[in-house]
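Next, two complexes with chain A in common: one pairs it with chain B, the other with chain C.
Let's look at the complex of A and B:
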């Protein structure tokens, strides 16, 4: 136990002394998460709109008046459809509206009319969300004869605010990557500096050294996670925290152990820090993309959906999202706790054995 | 003069690489740069080669340059081989492809004369039969010879070779010198060669001695040795202001003793005296724990290690006795480090048996128990660079299960005894190499082992620190009854050992006392030559 403490505190001290590493961890867990949450928006912004009005009536201007900053730039008039198409081709305009000469007349006489929309679908997300906006705008001009009305109730995130989800996803990605790299680096650094041999020659049970080194990094990751969740995700982005903090903490701890296991494995096959970085990215990318952090699991190929059952990240994300946003009770979290514990233990033992063989 | 280096200084940030260096050279001359690692040899080479910014002026054949940009003009006349074995080579290219590549980047015309010259180079290097062998499959010596002929392929008139012979086996070293000698005669080129081996001074026309980022002396070997003559005495008792090493005592004040014949190394001691940089005395205290050590500490029988098809160590027998310093000598790649790592249990043994303190080592448990009896100092003095020297030592003491009080007591005693106590709160990177070497040793002996393994502990360290380190090892042996196994590629260090074991490509070719070896080859003037004979004999 004394040896465990010696190694544990030595690793913490070394971590604090390496200013570069501290800076990377602090940056990733705070500023990076903040930038991602603030910066990536799936909302139209500054969309350039062009139109051709053959009808010379009031209705088109009424519709166009709804397209204003910050979502849209001021609509730009064109004299012919050809010119408008050319402008879209040249990427000057993203969305083009063509009002036919009988646009307003048809609506008044027949009760229905047609609006032609030209979309640059290469900017898919932006142009489709613009389309959705346009539909909403147009709907207001058309009386609902059928008597249907959609009444939407937004749950868990009343403002449909994407900031907190994206910052949360980014936090999880950062946690995954940094967790693996830190716990691999703590072993590989010794190889690089040549202290590996000296460590192997200590008359101490090598299991204790491995555990102490791995846990020192888990400790650092947990501290960084609390900082990131507490200050950035919860405070700056005002994410509501509906569940128990202890549950979130336990899930994060379990997940960090899983990461340490992967880190141990990477350390056993790498010679230097560069290799650690390369192999980590190779392993982490599929893990992150299979987990549902950025793509919903139900929209994946069925085979990939099955594969994602193996990703520990999947359970961590679903579990922690449940705790944070839905406030799920501990009992109902067991479906995440159990698989995460199983996969985590298996990976940790595997990594432990693998690096232990080198001792 | 065809090359004049006028007060050249090189800086790395605010660290000095070399200060105010002046060098002159004529055509056909071989100029030697001699000094330890970090003395400034490489920095000066970088400046002359025009790859590093410098202050001062360099004039080559009446063309003066002051910056890498101005040096572009002479680069086609220049050949530069940086330090490190096989550094300019590509592991997956063959010998022929290397020559093709170096010819192509120099845009050489492939006429008859070119092919004749190329063939001559290959013959000189002994590589004519191996033209389609990949560089990674060449031995260390062959790699260096290939690097040299690649540097020579465009017939440079100004040749800069940075430690081309360090770590290379004696025969290849001799061949490298033969190539250089022939090249300067045929091509009338200037060769600037740096070396860590004093014994190579005799191959050079003139020498520049480097110490502490300065050139401290220059001249022919004889002139330099004469400079130290006035200060060199036979070993004598001396209280202050003098250094004693290897049967000689150096002093600036006249001593009441007989004068002795100085060597080139003597000049470094005299320089240390002149600069008042006398190393602190060493005082090793006896062991705290008294233990009974049997006459035979360690015995290896037929130890073998294979890496794939490659046999790194081939059935090596060795005995290590109590109170004995055994030198394990050999070129790079001879299997020294692998052998030590097998003895330490860092590599599994493929064949053979190992006994430590009369007990056969068979299980990992045996090894675990015996680790506490072994001290090990690795190449490069590996220590945690983010911990201070003090923190490093405390950490090692704790890992060895020493109580805090005992640990602090021993650290204080060792740091005073080994003379690094005023550096104890500094980080390893901020202290001189000689100090680093001593506190690495302290870390290796904190737990009072019975056997000590040292892997190239003197590599690159300056002469005075090296001498001091050897004295330290002898004191340790006397006071602790410890046995020491030390690897080195400085053949001249054999004379400080009680016994030497020489390895060549994984085989043991000698195991005897230095005195007996000298007797066996009466024609050899130095240990260097003894080893050259040994290597030749075993071809």
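Let's look at the complex of A and C:
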């Protein structure tokens, strides 16, 4: 136990002494998460609208008055359709509305009329949702059949606020990346310096050394996670925490152990830090890809769905999202705890055995 | 400048890259990122798990359920459970949407009484929630419209006649892949360039350079040329993936794509050079490069948010990073095809050249051939 403590604190001290590393870890867990959460927004916001009005009637102005901040910028008038499309081609305008000369007249005489919309669909997400906004505005504009209403509620996040979600996802990516690299680096550094063989040959039980080294990095990661979650995600972005903090902590701990396991494995097969970087990328990319972070798992190809059962990230993302946003009870979280624990233990034992072998 | 020295140095770098198998990283990583993200980022949500609680059990409610069952966007289940049980399924991530059809829904619709359908959507993933919401609204409203047309209820309406420019079918691949090329070509050369220099610093072999008569310019040329040449090949590899794997149309001229990409790689190299000046350890160099290139690469790429819709500060920041200019030209060559007929493209190319020159000059001025 004394040896464990010594190695543990030695690693912490080495970590704290390398100011560059501390700075990078701090930066990634705080400022990076903050920038991502603050900067990335996928909702249509400030959409630049341009219009050409050939009809000179009141109706177009009425429709345009519905396009207001924060979703839309003030619509910009153009004199001809050619000018409007030029602006769209130069990416100054995202959505162009063209009101034909008989726009209002046909509505009054025939009961229907056409509104022409030009969309820059290189930003597919924005243009898709903008189109849907416009459809809603127009639908509201013409009196509909009275009485019926479809009420939609977005549970847990009624305004579909993306800041807290993206800062949270960024936190998970940073945790994954840094977690693996730190725990691999702590072993590979000794390999590079040639001291690892000596460590294994010492009369001290090598298992204790490995455990202490791995846990020192897990400890650093957990501290950084608490800082990041508590300060950036929860405080700055006001993310509501609907579940129990203990659950989140336990999940993060299990996940960090899994990451340490992956790190141990990477360390055992690589000779220097360069290889660590390469192999971590090669291993982490499929893990992230299969985790459902980008594509929902049920939208994937059935074979990929099966494969995704092996990705520990899948359980961590679903589990921690459930705790934080959905406020899921502990009983329902067992479906994440159990596989995460199994995969984590398996990976950890595997890496542990492999790094402890001398030849 | 001694040609012999540079040649020998470059030969050593190439051999080093091949022996340490770094060469795989040079070619596999960009392709891997392009393929993973290109396939991975899907804005369309298919097969979302919908639970319908039908309290009405009328002909109209069956029509509605039928419509949901025939949509590829939903995996519909009609369950006879309480609302709380359904909510618990959402909490356990076993369902995404609950749709509640109230009692006497049909009757009230035909009597023109007030009635409403409730849709509860899991909002833990906001963009997905918004997409699902629009799908649900689409299905429900189209049913109501058909219903009214069947009973010849005349309503005034404004039809929307829209044209998606540049990406007619709203394919995610067309929107994302060109932007990803901009991201990859910013990150990969920078990492490699930074590592080649920092590696020597960490191992201590940089002192060979400090103490030898090799000039700073020779050293820089020898270190950066291999990176430049190796990644120039990537320009073509990435283009082939985009064209043949992702089937992105290419409407512009090839030489514009090529020329701009080469300049862009120079910018990335110079960023790597700057990173290698401030760091002494490879691990820090890798993480630092990733952080300063990936975040602006994504934020200001126009993939997630068009530059024109950014807020004031973000708009200015976006103009400070080279990504935006490159992506503007790249999206033009892939999807629009105006080339240099549009003056904006030409202007942006000049800005990129200016960036490359500026960063490279700063980098080489700060690289000192002596111990700090």
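Throughout what follows, the second predicted complex is superposed on the first by the 329 of 359 C-alpha atoms of A that agree within 3 Å, B and C clash if a C-alpha of one lies under 4 Å from a C-alpha of the other, contacts with A are read in each partner's own complex, and residues count from 1 in each chain.
Criterion: a contact is a pair of C-beta atoms (placed from the backbone, for glycine too) under 8 Å apart; a residue touches a chain by one contact, two chains touch by 3 or more.
Remember, it's a predicted structure, so these values are computed and weren't measured experimentally.
Of the two partner chains placed by superposition, only chain B is touched by A:193; chain C is not.
With both structures placed on the common chain, the touch criterion links A:153 to chain C but leaves chain B unconnected.
Contacts of A:302 after superposition: neither chain B nor chain C is touched.
Contact comparison for chain A: of chain B and chain C, C touches the greater number of residues. In the superposition on chain A, A:202 makes contact with chain B only, not with chain C. Legend: residue contacts after superposition of the two complexes on their common chain; A:6 is shown touching chain B, with no touch to chain C. Applying the stated contact rule after C-alpha superposition, one finds that A:18 touches each of chain B and chain C.
Residues 18 of chain A are contacted both by chain B in one complex and by chain C in the other. Contacts from chain A toward chain C in the complex involve residues 18, 20-21, 24, 27-28, 32, 35-36, 39-48, 73, 85, 88-94, 107, 111-129, 131-132, 134-135, 138-139, 141-158, 160-162, 165, 178, 181, 185, 272-278, 281-282, 285-286, 288-289, 294-296, 298-299, 318, 321-322, 325-329, 332, 335. Across the interface of their complex, chain B is touched by residues 2-3, 6-7, 10, 13-14, 17-18, 193-195, 197-198, 200-205 of chain A. Within the complex formed with chain A, the chain C residues making contact are 20-22, 24-25, 28-29, 32-33, 36-37, 39-49, 75, 87-88, 90-93, 108-109, 112-131, 133-134, 136-137, 140-141, 144, 148, 153-168, 170-172, 174-176, 195, 199, 202, 279-284, 286-288, 291, 295, 298-299, 302-311, 314, 328, 331, 335-336, 338, 342, 344. Remark: chain B residues 341, 344, 346, 368-369, 371-372, 374, 376, 378-380, 382-387, 391, 395-396, 398-401, 443, 447 touch chain A in the complex.
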